[in-house]
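Just so it is clear, A, B, C and D label the chains in written order, and each chain counts residues from 1 on its own.
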Amino acid sequence: MARTAQFVAERGGNLVHAEHHVDRSTGLFLMRLEWELESFELDRAGVGSAFSPLAEAIDATWSLHFSDVRPRIAVWVTRQGHCLADLLLRAAAGELNCDLRFVLGNHPDLREMAERFGVPFHHVPTATGGGPATTEAAQLELLRVHDIDLVVLAKYMQVLSRDLLDSCGPVINIHHSFLPAFAGANPYRQAYERGVKIIGATAHYVTADLDAGPIIQQDTVHISHRDGVDDLVRKGRDLERVVLARAVRNHLENRVLVHGNRTSVFE
Amino acid sequence: MARTAQFVAERGGNLVHAEHHVDRSTGLFLMRLEWELESFELDRAGVGSAFSPLAEAIDATWSLHFSDVRPRIAVWVTRQGHCLADLLLRAAAGELNCDLRFVLGNHPDLREMAERFGVPFHHVPTATGGGPATTEAAQLELLRVHDIDLVVLAKYMQVLSRDLLDSCGPVINIHHSFLPAFAGANPYRQAYERGVKIIGATAHYVTADLDAGPIIQQDTVHISHRDGVDDLVRKGRDLERVVLARAVRNHLENRVLVHGNRTSVFE
Amino acid sequence: MARTAQFVAERGGNLVHAEHHVDRSTGLFLMRLEWELESFELDRAGVGSAFSPLAEAIDATWSLHFSDVRPRIAVWVTRQGHCLADLLLRAAAGELNCDLRFVLGNHPDLREMAERFGVPFHHVPTATGGGPATTEAAQLELLRVHDIDLVVLAKYMQVLSRDLLDSCGPVINIHHSFLPAFAGANPYRQAYERGVKIIGATAHYVTADLDAGPIIQQDTVHISHRDGVDDLVRKGRDLERVVLARAVRNHLENRVLVHGNRTSVFE
Amino acid sequence: MARTAQFVAERGGNLVHAEHHVDRSTGLFLMRLEWELESFELDRAGVGSAFSPLAEAIDATWSLHFSDVRPRIAVWVTRQGHCLADLLLRAAAGELNCDLRFVLGNHPDLREMAERFGVPFHHVPTATGGGPATTEAAQLELLRVHDIDLVVLAKYMQVLSRDLLDSCGPVINIHHSFLPAFAGANPYRQAYERGVKIIGATAHYVTADLDAGPIIQQDTVHISHRDGVDDLVRKGRDLERVVLARAVRNHLENRVLVHGNRTSVFE
């Protein structure tokens, strides 16, 4: 920590945020530094190469991001529009530091919503003629053409293959339950039948293990016996929107460090 | 509802609380009426027999409780004292309408705590000489002698057999996770390893299916990557105490109606 | 309660919801009954007149609503769009049982947002030529023409006069603090300077006493020393949207009973 | 930050926790470092004097604490025992790193509770013969004799004078409302009458301005129209206990940095 902070200080960087964490179960030392470039003596291109020798010396895994570079994101949806609408609104309001390049739907239902906000919509149905491979090829081509940095699954009700995940960047999903409870399909129905008194939502990075990726954000809300499955779905929607938006925001601001199957979120 | 309310009104009962609920998934109609006996024309012994014909006519399952009869409860523990201490304090402060008759421990550790509050402590170790049957016989004998209405498992780390459950009244347990997530042993360790951002606690009636009985109360608290397993345990303790106390209170005030594996809690 | 329930039952009404509450501080008995008309023997026009004699006999204040009649609402805004956008989305998604007739802004900024959703926008600037009276006349004319049942102030940053309030129906406002803390202007700045660890939002009916009307919904969120005023504003926006939407929904479903300066919300 | 971290690193200190915060509204840089002394080359007595020159050079206000030195605390009460009981239990369970030296009551009611846990109780009635000055002299004498580092007001219903506060160390109070709402007396009654939907509790350092000192912890809980003042009091007790315990714990672990009227709590 001392040497990294010194690296910034010696070159005239003005530290804005500095967070550290010692993960005692793994022995990892995690750090996030954010500094202003105004009086920093290195130009952008030079920061990485100047830092490399130090990183090597302290055996650090690291990445460098500039906060005025807006990541390019794609939002994938099926038929439910509440999370998409929420992201469109936040992006339009400047609350999310990103360039929302396109919306991809495996159904065409949400085209109008995307276009209302001036965002292109691509309809890529699943399992058309050529089978999954064709679908994935079309998806990857869109990601490539638009040079997408982050895919957000905003109620995209299809499982992504390991191949696809290997070929694209990070993917964030919103799951409509408090994982690991009620993984899989129909979590609100499951929750209702179990008679729980709280429901939740979970935003996580997608890995090839369904619903088992590193969790970024979770939240819960109380319910009562008066709530039917419909009420759970409705209350859950408000949770899902907020939890997904927080996770996307955390990611876009480079506040999420993944180690193993866990995350440190430096909020 | 009309006829039941009328039954009370016609006999001069002054209604204090009245709650109803139509459970649409099962078609059940649930109702809880609470009224004052001051100007009620029937004496206590007569209420049940007067109501029976009406109950039969409307095909109702019902029970009758008098709020000045304090249920007799037993608290079972192992080694962790936070839930026991909480119940002792609330009982002593008059916050729980019950007669806390005794504490039973399968370890002797919490004897001093119980006796500090003037409550007898019985040490009934598990699996002594005679095996489970002997243990259970000793437990049931204590319940019988003290005429116990409710057993509260306040971090009692043993599974109760179906036989025992068949022979005693209702049993409330506190599970240190947000069920159904992390059922079974070491939920905080499981939660830590899964990297969740929220932990929970669940109070439920005990059935022969471990951790699957009807849920009465649940609550959750946010955690972060800064929290190790020890912090989860500590934060969880505060949840467990409050969630268990709420459930016990709900039960003692006859606010919990169980139907199938679900509860309606008329708070 | 008995007689009212009987009124419904005798005429073949199938009760869906029934809630009661005895407010012990005032001695009021509050009740909300919801029943299906399918097999009910009175037609709509006849319900009120049939109930009137009973209401008089039991000295009840009452109102009757049909859930398939969608109230007509107007949303008033200034420049901040997050609450408006939220209401537009929920109305479009069928989550709010209402007819959102128009948006009124004292600034023109949110015209595009309203029109994106096909909702007319009226720009009624405050204090133009003719002074407040002219403004209010224009506002009231719009309410009259569209026969508005409910006005929702979704970050409308002007105080309504007593005259205006006397001339229109109920008005719901969202206040960006946990009232009664930080009433008045700049609550997030006030909250920041006081160093609170929680911020809140309050939805309430508007009365002539600024920020003092009956509260319908409130919620809070934890903040930390890491949050600047900007973060409070951003976190507060998510609260405001959800709290306002809940209150509007409660009102539209006729679940809010106002008595004095307090509400009973039969959720 | 760099130089301070270097100070520790160069002398062989193993950093366990490191937190920083730039308070942009004041320009303050706040930092908390925690390191192990095992391989640290300075002995305890030498740390401060070695650090002084650096602190001076960077114009830092600082303090140094050793986590195996258990602060000596006194708990002051009036008649309500729920917060006292909670602190006694946590101290007995080793959850609070402190030496709970004595309980002071201006009424004798809680003597038994303190003594149950083996903690001496001192009855110092307010405004006895000699007036406030005599009371305060007795209080200060107890603090002096026991060399108390922290006074905890656990529902001590008397105002402390500026003189007293000037003569003793830090004092933490629990206020039974979500400050700044409902400062002063009878907050639950005030909350009930205002018809709020949430109640709260606030733990803060005591200053001469009543209820206006720096806030350490706050929390809230939802209530409904079904809750009378008694229910608010009961629900509030659970909040008060937990909020006060968290604040005391934060203080005892030296996680609270006060600047102006605000705190940074490095949890």
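Methods note: a contact is a pair of C-beta atoms (placed from the backbone, for glycine too) under 8 Å apart; a residue touches a chain by one contact, two chains touch by 3 or more.
Everything numeric in this text was worked out from a predicted model, so none of it was measured.
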item: Intersection of the contact lists for chain A and chain C; value: B, D
item: Distance in touch steps, counted as few as possible, from chain B out to chain C; value: 1
item: Pair of chains joined by more contacts [C-beta pairs], A-D or B-D; value: A-D
item: Centre-to-centre distance between chain D and chain A (centres being mean Cα positions), rounded to whole Å; value: 38
item: Rounded Å distance, chain B centre to chain D centre (Cα mean); value: 35
item: Of all residues in chain C, the ones touching two or more other chains; value: 226
item: Touch-based graph of the chains, sorted into line, ring, star, complete or other; value: complete
item: Touching residues (chain side chain B, partner chain D) in the complex; value: 81-82, 85-86, 89, 93, 95, 116-117, 226, 234, 238, 242, 245, 267
item: Of all residues in chain C, those that touch chain D in their complex; value: 21, 23-25, 178-182, 192-198, 200, 214-220, 224-226, 228-229, 261-265
item: Residues of chain D touching chain A in the complex; value: 1-3, 5-6, 8-10, 15-20, 22, 222
